[in-house]
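Presented sequentially are two complexes of chain A, the first with chain B as partner and the second with chain C.
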Partner chain A sequence: MGMASMSSGTESLRLCVFDLRRGQHEGQELDKILFFYPPDLTFSTQLSVIGLSEGLITFTRLFSPEAACEVIEAERHSHVFYEAEPDIWMVMIVEKNKEIEAVWRIDALRRVLKEVHSLFVMFQGSIRALLEKEPTGGLVRSHLYPFITDYLNDLFVGKKQQLPSFRDTLKERGTVQMLTLARDAALEVQSLVGVLDSCAGTVRCHSVILFHDLLVSTTLSPDDTVDLFAFSVMRLTTNALSSGTSSWSYLRKGSGSPQISSRSTTVPPLGSGGTLPSGNGSSTGRVIRPLQHDKWSKGKDGFLVTDIWGLDATPTILIQKTQESFYLLTYQYKSLTLVLLVPIAAIVNGELDISFVKQQVIENASTKILKVEEKLSKGWGGENAYHVSGYRYLLVDNDMEVSRASPPGKVATLAKESLLALNKLREEVDTEKNRSKQEKDMEICIRAKNNTWVIARLNRGKELYMALEKASETLLDATDSVQRFSNRYCSGAFPMD
Partner chain B sequence: MNSSAQAGVGSGALSHVYIHHPSLRCNIPESNGLFYDDANRLLICTTSSQVFSWETSPFNPDVPPSVDSISEGPILSIRFSLDKKAIAVQRSDCEIQLFNRETKQILNHKCKAGSESILGFFWSDSPLCDLAIVKTSGMDLFACDSMLNSLRLVETKKANVNWYIYTHETRLVLLASGLQCKTFNGFQLSTAGVVRLPRFEMTMARSESNSKPILSAGDLHLVTVYGRIYCLQVDREAMLLHLYRFYRDAVVQQGSLPIYSSKLSVNVVDNLLLVHQIDAKVVIIYDLFVDSRAPVSAPLPLLWRGYQVSETSSQAVNKEIESSESSTSNENIVMYEDGWTFLVPDLILDQTNKVLWKIHLDLEAISASSSDRTSLLEFLQRRKLEANKAKQLCLGIARAIILERRPATQVTQAIDVLVTAYSYSVKAGTYKEIKNENATASTPTPGASPDSERHRQSGSNIDEEVEMNLSSGSQENMFCADEQQESQLSSPAISPDELYKFVFTSVEEMMVEESEYLVAIITEFLRSISAEKLKVDLNIYVMTIKLLAYSKRFAELSLFTTNKIIEPSKEVAFQLLDSGRQNIRVRKLGLDMLRQLSLHHDYISSLVQDGYYLEALRYAQKHKVTSVRSSMFLEAAFASNDMQHLAAILRVLSELIPGFKETSEYYTFYGLLNDTSSSVAV
Partner chain C sequence: MATSDSRSSPSSSDTEFADPNPSSDPETNSERVQSQLESMNLSQPSEVSDGSHTEFSGGGDDNDDEVASANGNEGGVSNGGLLREGVAGTSGGEVLLRAENPVEMEAGEEPPSPTSSGYDGERGSSGGATSTYKADDGSEDEIREANVDGDTASQHEAAWLPGKRHVDEDDASTSWRKRKKHFFILSNSGKPIYSRYGDEHKLAGFSATLQAIISFVENGGDRVNLVKAGNHQVVFLVKGPIYLVCISCTDETYEYLRGQLDLLYGQMILILTKSIDRCFEKNAKFDMTPLLGGTDAVFSSLVHSFSWNPATFLHAYTCLPLPYALRQATGTILQEVCASGVLFSLLMCRHKVVSLAGAQKASLHPDDLLLLSNFVMSSESFRTSESFSPICLPRYNAQAFLHAYVHFFDDDTYVILLTTRSDAFHHLKDCRVRLEAVLLKSNILSVVQRSIAEGGMRVEDVPIDRRRRSSTTNQEQDSPGPDISVGTGGPFGLWHFMYRSIYLDQYISSEFSPPVTSHRQQKSLYRAYQKLYASMHVKGLGPHKTQYRRDENYTLLCWVTPDFELYAAFDPLADKAMAIKICNQVCQRVKDVENEVFLQGASPFSW
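Moving on to the complex of A and B:
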């Protein structure tokens, strides 16, 4: 349709962030562009992409004011829309090509946009706030560009881009993976949480505890936990700190592409009327890049150190639930990672001192940390801890924003046809979910061309996806298998008949 | 029993140890001697031809004496046999007479005059012998026949003996020899036979004025503490009290305690060592259970407390006694008088005034003077006399440290002490809850009490008495099983349910604003009882949910529930549903719990309440729940004003229930459905 006007780019990914409230007058169109990737495309190309998106948003709002445009499926590209903040949109354009396994599920791509934005807000605050702080847009552009670029670097494996494809269909980005604890271990962990809280006196702190790349405990809301969990797994846990990649982590990590690295040193000129960010140097300030690779290391006292926020500066984050800012202190002992959040207000008011809190952790919590680590290590089942023989599954709890899945190594044993069928099934489920605002109960069983059963069951906020390659011939046998799995591993949460 | 203490002499004085009025009076006209038989716990007063004896255990000041007649003659020492059928009297340093109380026969035993002297004697419950006579040449062990007609020499232990000490509680006799009397041969005569202890020597400091001090019998005290046998030795030159612990095969010095008086005496009350510094007129309490040799509390005088009002049946007798004793006490009570003799374990005999006191601990005073809560709780949990008072004090301390918002680590230690003590007492079998407050005295187990005591039905003012089981006293027993004389608390241990009931529910009402702190304390409590594999009242989980919901910590509430820190139960599920009104996630946790617990009816009702009509119907059908009426579904769907739901349920019910279409319910709701549709059409 309208794609003829768009030149065929050498890149298979385009990502842009724009503000519908800006650039509404002729000659000021560039104002609305806050971020564009790849950065070396011409302004006319950028405006062409954003203009199309804006037009579609405006048009679809006529019919659905609350939920405007979500996706454009063209012949060779998919356009994924995400309204990050009111009137601030993120659009991702990906190429569709079966030969190179570029088969997507739209919701998975949208979750990439959602994650980028959530992490950005956690570290920098909302885009709208940055725009209000410096209306020319230079400030927000100088923050968005390195942040999103650093994030996209994680999606490169070698020189090949690795967005979540059909091979990641048994994963759910934006959810937390939890460690299952025995009761006595859980009590010990909860005791440690109490000790950590008391390390700051009467000031209310928060803590998130991880073991390997799994969550053990959190005092944050589910939304904030998801963000901090994602960041911890990307940058803070022992797996993240080690230089080698780990197949356990659901985020593929690799060295940054030399191509991207060379470009990141050049900030393209942006802005209309010749106004440049350098012209507002005093208000721009220093740009913090929390997603930089290889910037964290373990100090001799067990706390992680970084100079991302400046030499001897303490990292800070913003909790969305309470809109409160916290200092981020990360302590590590073997595979146990403790993230402690201390309110900045308490430090500023003189109620607390960062070094005092650290000292308290080392003095009061060390014994408890040793005990917890020992208990968790003893019960640790390894990478394949949550493998269920004969099943390839993904279990999602949307209320708790928690998921559990078969280990990636096990999922890789599935045939391509099975994964494609499951991916398509998930697309159907996504479509059905979007039709209705309230929770949908449904069950779908599909037999793939290679005789694999792919099954989805949804029940009051819980979702179970499964691929059974060696199932018996009949539908009844397949559903019986799923029912047995549900009864045994989901405490009968999917009682379909 | 109603009682209130009125302080007489020494009113308002500080003390941790006290004696109180009335005492046991043993004033007999023309008496020529006062003796104490520690084996039978008898206070004995003799005249020229009569023997008066009072039971001192249990201690009852009003107990009348038993009276026996004996022939005239000098009395150096006197002891009843363990079965109380005979009285043995030492007449001289070479003659002992045995009086059969039933047949009135008299048996004389003499030793060789001139070559040896009798130092003393004691009765034994060893299977080997019944009577032991200590002489300057050693110790003779005798067996008596059943009719007490003769003494048969069983064995002789040869030794040069200057003096000896023996206590029945320890079954231990120490024979002193050597120029300084500090070399000892020891024997234990117990139900296991006669065991020879290794020969050992006591240390004594020397000074210029006294390079060879001589140890006397009065400087040694044999005591039993927590089932362990100790010998305490007064070293006047060094001003130290040395502790020796006796094992079957060794005598080990256990350190020393400083003393502040050249005149010293020792008592043991409830396994606590009371060291009376007589010159200084103070008593120091030591708890030998802990390694520390620091006193339990600062030295304070022994306190005499005045008349304790109590109910007695005889008003006239009471008045007479009261006026008489009041007159006496006003004139003569002087603490640490020269005529005082301290009897092991817990008695004071005032030879001048012919009265016997029992020593008491004031647990409240000790608690009030201790600042270390953890060690104080450990101390109180070891008390067995006044176990109920110790228990109440522990509960009060637990409440106080939480209400005072002490650091969580401090509260954790306190909770660990209480939970560990309870867990131990359950395993040891000493923890028994009060079932009947009016329980009468129980019969002791024969095996548990080698020296059977006469148990009397007694009135008020009974002081609880606990005797240690010493059948294996020489072996290391951390605790001894207690013989229980009444069905009262025998242990101050506190069960988790009691901690919940008397501590957490109390502090919760006052600390709702401090719910985070309280949840941390409860978590430590749950961790402690989980480590000891104990169970607790389910209501503590309901309380935890309320506290977490109050402070809106719903994420943690989910973790608590998912990890089963909060154990599933019906009450917990309903509390989750209730707290879930403000958080849908929590409500779903409650629903899931109902299903996991197979509480079908409640699960279905809750599903319907939340609008999941079809799922509720399917669940009812699958699990064959017949207690739920089909009209419940129809009424709920109708109330939701969603005709689609109503129509769907009508259709499903028609399929599931044969003949449903002929029921009045069907016609009623089908009519409602049609009426509503019709009105919409109009």
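Moving on to the complex of A and C:
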């Protein structure tokens, strides 16, 4: 009955995408729904979730026309809203449960929605554009369904879904993690990027280079880098290819055995069953699943291959900044992953030209690639390279969309109370940030009940979050520690006096 | 400027709205929300509670005649048997504020912007706990953007007046939607009971929408607490058949807004008792508004206190500073009164306690004290004659009426005697006469007046440890202490502090000093304190031990121990090490004078 089944159901996650411009007439409400997870819920339940969401969007606009509903906090659930495109809303409903540590930070959950949408747009273009292309909605439904389910699979570890909880409070989704380069390595990388840029002749290519799961270099805008970086770490890097092995990036939690898609085969996606007033998806041709698992492997020539886009078909992606389409080529050498973006305009003869570009990369860049890999491997400190003894930290640069954090293994040594206190502090800071239009300059140091210092420091678009468990008990000592950290690792970006 | 001409009621200013900003779209949005909520139930139409909201669909039309009673005169109409004459007497939106204060107002101090007003940051009080009332309601009453809908700034320059304003408005008015903070009380069938702005009857449709949201989530086996949208928070509180909702874009925490709804509910219970629930059990569509008629001033003054009275978030009360012996003497008399069968006897000065006593084992919760003093202070009738009226202390016993004997000795000082007996008027009157005789004899009332005039603790009085000071900051000249304080508050940038004694459930707050002088600055400081308080007392985690917080406005320090909590505000550029030292000195200073600023356990309250 209505939402009642939500409480009795075992699903602790619901996610829906709907379009407020559709289904405005009575009896056509189902037309609004573009995606719903879990898909096996009855339509009336789905409608009740969307009805509540839509009702509150309309209601909050009475008072806050410029920013409609962002979150509903109920006793047992949080409903997180994200207006992905004008009038296209994504809503995630998560169950709160202290016992299973389901304590969330809303902003972290919203970043999940933002990420899945950005990735979708990168591969398939905007939802609105797909709706305009095919107004019945069948096309967009048939694309959203496998895409989001494949994405959600990454959040499942075994049967348990692992949304970013308070344990992930020292992580920032939607940012890039960078490798720090020594000067000589940086020069080598620069020279390699130069070669990659001109691999397609006169038309300039873009490149994104990763070492393990860290970014080495990019020629894209920060936003586009974030999306491509996220995808690379999810599917392309050496760690991603050997999926199932240890992963230390938050982007790749899932095992190789998808939980959801196995079931999805039994449940037809919305819009394809003919139960809807909209057209069905089967007429729209083959649906590509860019996030499908276990579909990438390394070819003999060092380039990664996949049949996701069809046999011998090269993937294409859309770059936000220029709205240009690019072929995506990925070359891998040991732990070094090079993502090369070739403008579609530069490729006249399809796969023939692409082979030529690949050949150019191998001919012109091989030695440089070897050299870069060698230098990076030599300076590579391993997974714990960015551990700073005594500190558990997260450093975010909002302008560059870059973050660096204590390694997850080290963060896991913090007491639960410390993580909860820091999570709460981050929530407070999120509120302050959302309220103030300009960049905040603030400092909050809290000595929690368990004597841990949890600290937030914001300055000029940069943010530092920290938990100090064994620090001395005085505020001055704690802030001295932060000051030392700031001086040593952040070029003094966080003055503490 | 406010005058005590009570008949020019605050709400009369509404007439300046020639056009109450009718919504541009014919179908009001709130109706749309409802239809959306309804549409979710296509398959189970029976789900939406009892669908009673439909009966309000025409609610906006039939109330034009009621606007005429904007002065609140309906107060006397139908108080039924539940209400005493006291409340009825407050009808007419009488201005509670005596003429005592307007003179002090420094109306020119602030620019006449929509968020400013002629509040005077009166100094004769401790931490605003008594900072009288003449304050404006500050920005909440304001429309967020100036000139959006022709609302004039002029009305905002007036002093804060109790009673309802903007009665002309309803949810179709742009001005109404732009009010910074709304409070609603409604019944679970969607009938409006109270709205801070606008006429309740005209808001019937809106009220039904709120009910629909709450019951929709409830039908799903959950309970909605908060909806966030941009800077707006919609906070819900369900108390049996009573729903309370706050819609606010003020920079306050969810926890505090919820606490405010709780107090609002408590104020309602104080007037009606929780037995009101039974009326709803008998008849779900029971109309409660007549029972609360004439109490607009009580609610509006409570809402106003959310922005100036720290008791509303500290859940502690504050005392008027008095020599120890005098307070003890007063306590002894009050205790004697209690021994004669009185449950509680209180001598109050405005919102501050002079002394209080309770019968054995009876304890008074600080929230009850807050609601009680708000009720007495905001109801004009109590001032004009001695009164005997039923009230309920929600924390003490929400089910039962007590009987309160109230008598004002002068404009500020009054006695409240609470008894369980409805026939005790003459006995209580006798008690009061005896009490008054002692107070006059021992000159206590004039000492109280002097204390009001002198004010409480000041940051300028916090001693400076010269030795330490000169050793740490060499450039500081050896000028005498007071000099460095001029214009900058206390030593080393100390602007303000609040100290809460945990065992006593009391707090002391320093007087406002420059630069925190305007009402807007004071309110902003309280908001900062509220956030700090919420941050320290996180549910399930807190209380934390220490917090240092600096932003562009303040440096704030908080220190929570098993004995006390200290909240201190400094200049944002204050030196951290010095601020810590000053906090220690403040604590020491409070301990030195604790016998004068706190009521020391005459009768131990254990709650």
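Note that in this section the second predicted complex is superposed on the first by the 456 of 497 C-alpha atoms of A that agree within 3 Å, B and C clash if a C-alpha of one lies under 4 Å from a C-alpha of the other, contacts with A are read in each partner's own complex, and residues count from 1 in each chain.
One rule holds for everything that comes next: a residue touches a chain if its C-beta (ideal position, glycine included) is under 8 Å from a C-beta of that chain, and two chains touch if they have at least 3 such contacts.
Being a predicted model, the structure only gives us computed values, none of them experimental.
Engineer: Given the touch rule stated above, what does A:428 touch, chain B (first), chain C (second), both, or neither?
Structural biologist: Second partner only.
Engineer: According to the stated criteria, A:74 is in contact with first (chain B), second (chain C), both, or neither; which is it?
Structural biologist: Second partner only, chain C.
Engineer: Check whether chain B or chain C contacts more residues of chain A in the superposed model.
Structural biologist: Of chain B and chain C, more residues of chain A lie in contact with C.
Engineer: For A:44, using the defined touch cut-off, is the partner it touches chain B, chain C, both, or neither? Pick first, second, both or neither.
Structural biologist: Only chain C; A:44 stays clear of chain B.
Engineer: Report for A:441: first if it touches chain B alone, second if chain C alone, otherwise both or neither.
Structural biologist: A:441 sits against chain B and chain C alike.
Engineer: Quick check on the superposed pair: does A:191 touch chain B, chain C, both, or neither? Answer first, second, both or neither.
Structural biologist: The first partner, chain B, only.
Engineer: Tell me the contact category for A:311 with respect to chain B and chain C: first, second, both or neither.
Structural biologist: neither
Engineer: Taking the contacts chain A makes with chain B in one complex and with chain C in the other, which residues are shared?
Structural biologist: 441, 497
Engineer: Going by the contact rule set out above, which residues of chain A touch chain B in the complex?
Structural biologist: 181, 183-184, 186-191, 193-195, 197-198, 204, 217-222, 225, 364, 399-400, 441, 459-461, 491-493, 495, 497
Engineer: Touching chain A in the complex: which residues of chain C?
Structural biologist: Going through chain C, the ones touching chain A are 29-30, 32-34, 36-44, 47, 171, 177, 209, 212-213, 216-217, 219-232, 234, 247, 249, 251, 254, 531, 535-536, 538, 540-552, 575-577, 580.
Engineer: Would you tell me which residues of chain A are touching chain C in their complex?
Structural biologist: Its residues touching chain C are 1-4, 6-8, 26, 29, 43-44, 47-52, 54-56, 58-64, 66-77, 98, 417, 420-421, 424-425, 428, 432, 434-435, 440-449, 451, 475-476, 479, 497.
Engineer: Contact residues on chain B for chain A in the complex?
Structural biologist: Those in contact with chain A are residues 407-409, 412, 516, 520, 523-524, 526-527, 530-531, 553-556, 558-560, 563-565, 584-585, 588, 592, 595-596, 612, 614-615, 618-619, 621-622.
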